[in-house]
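Below is the structure I would like to discuss, written out as structure tokens.
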């Protein structure tokens, strides 16, 4: 039992990070039909912004702020202006190729201009372990979970309780109608890119102390976020959260009780099952196809 | 018409560029094929930087037999197909010897080609299979898994006196090869494998693996992972309070893992094939110079690259000419001592299969540093 | 294109036959790799470019074909039997993978195929009794033809080239047939195709099966070309790379895969003059290329050379969906 709780708690902590990454992924899809295959690299990169800032003498809190700011600018504004905007009207696939190339570009740049070696990354909290029903949880995991939940709640409030949020939702659901209603669609789309830039930076700050900063980190993270987004529902923020948590827990349970060699397979099988039998995702809404 | 013509000239230009000829003036062409991008980038980069140091030292001192070493380094992208292409590219330019690759799969594909071309290949791969193919042109720079695993096994059997052991390994060719060799050695010594846990490259969460380990209740745990995964595993093992001794081979006791694990590596023990912490002055001096030049701590692959170049220099000076075939003949059975060639750092001997024999060490992590507790003699001197 | 067709094809033919005599073995290896990957990309172009079914699993089919040939020839089977069997196996698996396409479309289909690709990788790696696991399989022999060994680089290039020519001629012929038109109808408007009495179900499955078969056949050449295969060679990266070839070349255009594969194989090699930074430069070029010609290189050429004519058939891009 203790071990089951251990698996559950650790899985939730890891899953919360997947969820953070997955949310941005779904946001971009909803507002701009961008399937961002560089999302994992987007999480890898801010850690290096922070490390670079600390190397020139910035204290952790300042470096973290610089990291988030740079991430919002580079991965939010620049990404949208330079890559997504010119390509949006050409459909999904050319943009998919571009984000795949972008992921290679980011990985190689970090490797060549920073280091190929994994780097230790400062933790926002002291390394302490908490005991809980026979399971051990690091304080860090609890903080990760808390920050993730807070971020998601804040995002939920923004999207549902503010005028701005409702405009963004309208843009996501039907850009044409939104435009007729006088919503500045372009700006709303930009906001989702900014939010994604901030989310990946937060995810980076949270996961790098555990995961260590390395140029290849994005590969596994991006895949996990991708699976989480689809299981939960590709067009719903809430779904991405559920998907992330499910994935984190499922990963642990299947590795512990089923097969460690095939641990990567279970989430994929579930993903296929979800798409075939509930293509809108566990919490997603039904999409109608334009004929 | 125009389109096709343009394409054709592009193709021709591309292949022409790719096959750039190298200068022949008093240089010796010894290219390297290494993992500079992709999954093997850390190993490949270390190997390259180690080589660069040796090459600069040798060139500054006048080269080999008066020839400057010319070593372009080509990236394999950690992929076997690309390795083959890059090796073909350098073979087209008649190299004297070839260095790399480090990934065993890439070594297996390239060694077929160097054998056919009769060009010695100084590899970084550690899979047992590499030297079991009667290939007279392949030379290792570190122990194959068939030599390192018995040393670990002896340690677990004789010093830890374990009756059962759990294995945690990374599921790629490196990890699988190590795990298979290790399991065989354990069976030979009558030690029970209590748990056999496969992990993924880039795995974030090791809690399930450590939970399984706890359930297995083994007398010792053998950990065979890459650097970052080793560090993550150690953190999780410490968190969940694993009591059994954690045993590793080279990587687990490396300074990089100790730094990354931040305290969780304390008390880890095991066998170290090549280490910058070896109680040998030449090795430590090399490590310091390396750190100064490249600004990171060199791992065993750096030493492999460095000593590999000096191995070529020594053998070449013994035969007195740049003759690939004569090199391969002479290098089998050769012993090089630091007295004869300081750059070899530690006495080394290459046997008839191209396997290397050196002293190695048993170590332990104490106060955030690797501490060598025992030096194991060369196999041939037992 | 049609006007220039014969002369352009003749020149391409002369070049394809003459080039290996001018090149060193490295160049021959590269153009052999080009031929092999082109076959796989033609398959993907069939599924994606013509029939509009997004597949991100083409790399897995190359893998299945490669493993079939490597394992069977190692067990003593003749190469060409193993080669055909690899293609046949991919036909069956591709047909089965087509079933999800009957339920979901577009990006959902992409996700299913992407998951399938990773599952195939896991099976190749974990089922060691069958595939030798992560150790891979080294030394697949190149075939003998009428008693002549094709072990030599140039000889094997001609094997690859001959098979490429054969398969592209078959594809060309098929695209001219009612089948090809059915595929395009499927892409352009599946519901109208259905209402016109087209058995969309059968054609969807067929598009998957045929595209996958070409992937498998390419794999059957990949194994003896590289002479070492491991599960990692056929991971998502390979699928992404093939997708890149189709899109960069010009999706839905017959010669798109030829040009796309040329770019994907040769461009990184040319960029090696940038030494350590070559992959950065390569990635940048791909991005620039996509931003400036999202319809692919051939799309750009058509725009540049035929500005006055009617626009070419729309490339198979996923159409943005309206969500309500």
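Read from first to last, the chains carry the letters A, B and C; within each, the first residue is number 1.
The rule is simple: contacts are C-beta pairs under 8 Å (C-beta built on N, C-alpha and C of every residue); 3 or more make two chains touch, one makes a residue touch a chain.
Computed from a predicted structure; not experimentally measured.
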item	value
Distance-maximising chain from chain C - centres being C-alpha averages	B
Result of counting contacting C-beta pairs for B-C and A-B, higher pair	B-C
Mean-CA-position distance for chain C and chain A (Å)	31
CA centroid of chain B to CA centroid of chain C, Å	35
Multi-partner residues of chain C (each touching 2 or more other chains)	125-126, 276, 279
Where chain B touches two or more other chains, by residue	37, 39, 171
Multi-partner residues of chain A (at least 2 other chains)	108, 261, 264
Of all residues in chain B, those that touch chain A in their complex	37, 39, 41-42, 45, 171, 197-205, 207-209, 211-212, 214-215, 227-228, 231-232, 235, 239-241, 256, 259-260, 262-263, 296
Contact set on chain A toward chain B in their complex	3, 6-7, 10-11, 14, 17, 107-108, 111, 115-118, 120, 127, 129, 136, 138, 207, 210-212, 214-217, 219-221, 224, 248, 251-253, 255-256, 260-261, 263-264
Chain B residues touching chain C - in the complex, by the definition given at the top	1, 3-5, 7-8, 10-15, 17-19, 36-37, 39, 74-75, 77, 79-81, 84-85, 88-89, 91-92, 105, 108-109, 112, 127, 129, 171-173, 175-177
Residue ranges of chain C in contact with chain B within the complex	4, 7-8, 11-12, 15, 19, 22-27, 29-31, 33, 125-126, 133-136, 138-139, 153, 222, 226-230, 232-233, 259, 262, 266-267, 269-270, 272-273, 276, 278-279, 301, 305
Residue numbers on chain C that touch chain A, as the complex places them	48, 54, 100, 103-108, 110-112, 115-116, 118-119, 122, 125-126, 189, 191, 240, 243-244, 247-248, 251, 276-277, 279-280, 282-284, 286-287, 290-291, 294-295, 315-324
